[in-house]
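Look at the two complexes coming up: chain A is in both, with chain B in one and chain C in the other.
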Partner chain A sequence: MTSETVEKDEELSINSNVLDSDDEEDDLFKDWSSIAKLSKSQAVVPKRGDKDYEPDGTNAQELLLYRAKKAMFDSISDAARGTVVKNQIKAYYVPQCHRAFIPHPRGNFMHTMGKVDRNGTCWLTFNEFVYLAERGTITPYFKRSDRESHELDPLLSIQDLYLLFKTAQETDEFAVFAHLKRLGFIVISSQLTPKSESADIPHTDVKKGFRQGLSTLTKAIFTFFPVPTYHPLQYHLTRYTTSSQIYEALKNLVPYYAAPKTMHDLEKDKYVTKFEGDDHEFTFDVWKPRGTFKKKVPGPPDFQLLVFNKNSSDCTFPTYAEIKQRFRSVRSKYEGSLTQAHTASSPGSKEVGKAVKRLNPYIEQQRRLKRGYRSFILAVMDDGLISFVKLTESDFGSEDVWFKTSGKTSKERSGPAQPKRRNAKNSINKQIPQTPPTSKNLPAET
Partner chain B sequence: MNEHTKIAISLVKGNSNSGTPLVFDIDDIKKLRNWGTAGILTGTLPSAAQQNGFLSVPLRLMVEEALWLVDSGMAFFFTGPETVTAAAETLTAREMEHALERQEKSFAEQRLFKKQQHAEKMASLGIPFDEEKASFTLLESSLFVETPSVSELVSATIDQNSARQEELWIKLYNGLRNTGDYFVYKALKQNHYFLSPGARFGGRFIAYPGDPLRYHSHMTVQPALDYNRDPLDLLQVVSGGRLGTGVKKLWVVAGVKMDDEKEAKEDVSFFSIEWAGFG
Partner chain C sequence: MPKYVPNVKYYKYPLPIHPLDNLPELVLHNPISWVFWLYSYVSSTNLLPSKVHVKFSSGKHITVADPDEMLYLWRNGFFGTAQLSRSEPTWKERTLNRLGLLESSRALEHVTEQRRLQRLEFKRERANFEAVKRELRHQGVEESEITNQERKFLQSLREQETQDQETTTTDVQFREADAELFDDNNKIVDLEVLELMPVEAMFLTFALPVLDLPAHSLARSLVGNNPSYADINDLCTKYAAYHHYRSHGWCVRSGIKFGCDFLLYKRGPPFHHAEFGIMVLNSDDSMDYTWYASSARVVGGAKKSFILCYVELLIPREEALLLWQQGKFARLFASYKMGEVMYRRWVPGKNRD
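Let's turn to the complex of A and B:
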């Protein structure tokens, strides 16, 4: 019963336009006929889930398979890539800087992609260049270093574009980039995101000036791990009248990690990162689609994302220390998890803070536990299939789940709240519509 | 099999250990599919560019898949980016003009076709068609410029030199996180399974009895173990059984037998685990 209410709330809190999600993506290969729009024999082409257990050697099955294949290959080969002359936008790849420029830029993509220089030339990153060429928005050319004019520069094919990727990692990143772009998200390489907003927070600059060296470090250590204090006589001298008093006293014995919850904590924590000197960059900053987006002042991203190839010996799954380090450098928004008093000042959470109604404290607590605090998304590349996994910093230590928050209901709701991983994952899927079904079915590591 | 029927696998590698094998030619993709290699289509489908359900070329292969195809003589590797930059930089003015001419030729065909279409339409509507009156600018601006999938630039520079191929093969093999997976792939392939990457079902591969367009998969194959050395935790077996039941597949463990020099012998043992009676 309880979980039902909670789940309902989850649903409500999710924007209706991102709700479409991935409800039925559990099968890898789909019915291509819907896209092929074959006029004839629609009914016979296999629909999703209409697959057989194994080949039985019948002609009927062979025919169905033949049709399914034909629908697929027809739709691939019939989809011509390109534009009409009137809308043609030429982009030129410059091998020296691994970027491309558009001499006469126009088009909707300029809202979220490219960077226009003083001469009015739009510069695209290589990912943007390949993505736009692949969907036919721009026509890709190769800029010859020996010629001034562009007229005779050779036209590039999609194969050429992919061959121009410098590393395997770059192709994985492109695959994730293109996947999110096709879903409508705004994606910018984390290295290139304008980071002005982090600079205008006064704390960091002031601190940098005079607090240095050991003192900062020790202070940081203390604020991170609340050290339990214990005296052997403590439990003999106190008289306990309620169970919560006992819990309260026991709690003091358990060391725990408290996630930073207020802006102040966050800034402090970020400062430690700078002190330690390895500020890890994410691969991409991702924003949900919105009309008011500005390339120059994008505000904090909705998600930050790290691409990881699980089959290559180049990448390793981040260690605990690395993950912690990552959490510190997260710049993305919190989904209303900051404590109420501070939401107003936190970056970008304005609308979130307003929208949140005062709810049953128990439900709020459940949400806090489920959603956690800082988070980032790990895009796991498995030879072409991408799984999005959300890693969130959670804080069970600071929550008193056994407390009787309100009279009756507490009994059934007590007990150390199960993390409810399943639910947590569902909520991810809803935020990133049409993630491959994996996070649902990916049991092993997560 | 003669050289020309071999499939070109474009390998994006650079200095990294691993590589990304891609196939661009639709005919090649058809061939691969008939040979039992499905791969994953990963490119934007230009006719439906804002969705991820139906994608187009390039076809991305698993690294094991590419290794196996090259090893069995059905394909060869082809790498960039130097090949592309070199080809594009060394193109002579004559060749570039030639490309423009071809473009112009395609335009001429389109013009002819469009005019003919227009005339037919007018005729069917009963309006007399006047060649002079037809809007020239409108026609010109509606000509289509196509971005091809397969490169013409680099086709001349394709190098099937076997020493180079072998070098690439070894590098790619060594870049695998778990080299045993290659032998598992090979063994399953010899049993005529279609294989695809299996992280979404909790394994290294998932195996289909036939073309995945038509058949459900049967097995989720775990990353390869060393048959003689690697332990298999009982808890792992239990959770594997649960997982397999959850995704309605056999949970399969594969052990590759290694000889004394830790070189893999091509001998793989498979064990499948499922819930008894209640699955």
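Let's turn to the complex of A and C:
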């Protein structure tokens, strides 16, 4: 321990980032800037370019590299591995239902995986089974259907397990499942998550109301066509005294899909899905790692995930209609900003609601534009490589961003807003985190 | 920044059609002011005194040649791109400046060039220092000493930079070919024209009465007399998207520099960086994943949000084509519905809390 701390101090004087290895986009500061902090002068140091850790032939650098490597190998090699026979957990794969059971379940994994039936047997999905076997938590066996006792059931190797995947799709799903599990996420197949029934809305009324709303809306749009806006005589008949009026006249032409912005709208939109019977399931529900997770009452997932293989002929990137359907069936936590009406009704997001309340409307607008509304995650498999994409419902049609000039006529309306606006702009700039350029300053492991 | 003040003045109006903002004050208890107000109201108009002249040069380039009109379109909504400049028509000014015929230079290109030179200089200095540092390490100098040196070096760089800013020099460069630039009166000839994107031209003639080219003849010049729906689809969807964003107050410019269809600026390029890169798609489009990934990477790399703008045609294609042929553009564009999806790379490790 002591030698470690000494090492650390020494390294601090050289470069505090060397041992930090994370993925390419991690927000590491450049060593240049940490030096800048030392100098305490007010001069702003320009950010420097990437890579200052190419081999420079010095002993100092060699030493750093050696230390980092050693730390890594030590931590890998020192740990004792294998299972104590007493603690071994046996899981049996049942081919008939493509699942596995553990007769005497115990272990931490039970918090987030498996389902215990009345007899105290824990049932694992196939993904969980393979994942736990890969990790060495369970010892996998093949359950022979012809006999009750487990004694003659053959032990399975990891390769055997991989052979048991039914489809290529399932393999892909497992890869995503295992990847997220290893990162600590709680992942449950969307079909199996207990769904908290959303508050029932009076069905017939809503349906009728919604349909009517739709038709009146479309009607309104259609009756809007002959407005004199695009008529040759328009500018002879009308006078505009502010730019806002000109924009108002222009903006009604092109219709758009508005994102539901209140809880009520959301529920209505969901109901349409149920009614039309195109309620699409996602592949996985994902929760961020947390200690308080309960399998029975998991609450809404943090993310919902759809796995699709880029190279498979029966998967294509979803079209807009498909994406929209997905948005409708999203059950994950709502990240977007709902209007006040909603934030009051859902206690979970109350604090957020309060914080939002105090903000300047321009910042709120900026946030709505940048964050969007409902979202889901697409996990794209490409020959074993997984890339994640977040698709978020956006709504530019509901936001007007024109700058209100403080002209004489518009003074009452927007004049006072002018200085605020300037503030807003500044704080917006501050709000958006400026991700520092990718750091390639390279951990010694490479 | 002192640059900010003129910006507000230069770019006061977001659209080339100006509102009536010079109406006299209306005093409630003074009927004469009513009359005067009414008179001013009726007598004034939002229309331009004369429409901007455009022509088709060499096939499909929609260009504006008059210097004042070029500037007008740029200053009032940032329309078009000057062919010899980055976007604002500054070629003449830059040339005069290069030839030493003009006092001040404020052209954006100059600022950028200046910055690039500084950056280059900085990189050179840094490389030098890097060599020194390596040398020190070879000699076995303490790391803290090296850090010290580095600090000193940075300080000296900074001082140098501030000095440089005070003494900016302007060199006069004269090339032989420059003689051709002058006319008989020894005045410089303006070679530059402003080119409009087809959607911009459409917006300026269909939505706002700015160009002297009627919408239907513009349409005909763009796709010919007897187009099929496939011919007009691209233009129509792009226009509908353009109109959608423009009319909600965005300054929409071509996104070709970032591999997308449009860039959305708040107010305009001199005020903010573009925050969104828009890709316009038909609602039933489904591309190969690589297409999305590469576009999103490029746009994301420039710190912009990547938006897929799906355009859905609400009426049958034949009907849309008919509307186009009849020149009923308002009804045509109103039958395209916009839907937006934000596409963002998701990194699990960063979403774990």
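Following the convention adopted for this analysis, the second predicted complex is superposed on the first by the 265 of 446 C-alpha atoms of A that agree within 3 Å, B and C clash if a C-alpha of one lies under 4 Å from a C-alpha of the other, contacts with A are read in each partner's own complex, and residues count from 1 in each chain.
Here, a residue touches a chain if its C-beta (ideal position, glycine included) is under 8 Å from a C-beta of that chain, and two chains touch if they have at least 3 such contacts.
Just so it is clear, the structure is predicted and the values come from calculations on it, not from any experiment.
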Contacts of A:191 with chain B and chain C, given as first, second, both or neither: neither
Partner chain(s) touched by A:382 [first = chain B, second = chain C, both, neither]: both
First (chain B), second (chain C), both or neither touched by A:317: second
Partner chain(s) touched by A:73 [first = chain B, second = chain C, both, neither]: first
Chain B versus chain C as contact partner of A:84, first or second or both or neither: first
Touched partner set for A:158, first chain B, second chain C, both or neither: first
Contacts of A:183 with chain B and chain C, given as first, second, both or neither: both
Chain B and chain C footprints on chain A, overlapping residues: 25, 35, 46, 52, 61, 179, 183-184, 310, 380, 382, 387, 434
Residues on chain A engaged by chain B in the complex (per definition of touch): 25, 28-30, 32, 35, 46, 51-55, 61, 64-65, 68-69, 72-73, 75-86, 88, 95, 131, 133-136, 139-140, 142, 144-146, 152-160, 162-172, 175, 178-179, 182-184, 309-314, 380, 382-385, 387, 434, 436-438, 441-444
Residue ranges of chain B touching chain A (in the complex, touch as defined): 10, 12-20, 22, 24, 26, 29-30, 33, 38-54, 56-58, 60-63, 78-81, 83-85, 88-89, 91, 93, 96-97, 99-100, 103, 140-154, 174-177, 196-202, 204, 209-216, 218, 239, 243, 246-247
Touch list for chain C against partner chain A, complex: 12-15, 17-23, 25, 41, 44-47, 122-123, 126, 130, 134, 137-138, 140, 143-144, 147, 150-151, 154-155, 158, 206-209, 240, 243-250, 266-267, 272, 275-276, 281, 283-290, 292-293, 296, 303, 305, 307, 310, 312, 314, 329-331, 333-334, 336-353
Parts of chain A lying in touch with chain C, wherever the complex brings them together: 13-14, 22-23, 25-26, 35-36, 38-39, 41, 43-46, 48-49, 52, 56-61, 179-180, 183-185, 221, 224-225, 229-230, 232, 234-236, 238-243, 245-247, 250-251, 253-257, 288-289, 302-303, 310, 316-321, 323-324, 369-370, 372, 375, 377, 380, 382, 387-397, 399-403, 405, 407-410, 425, 434-435
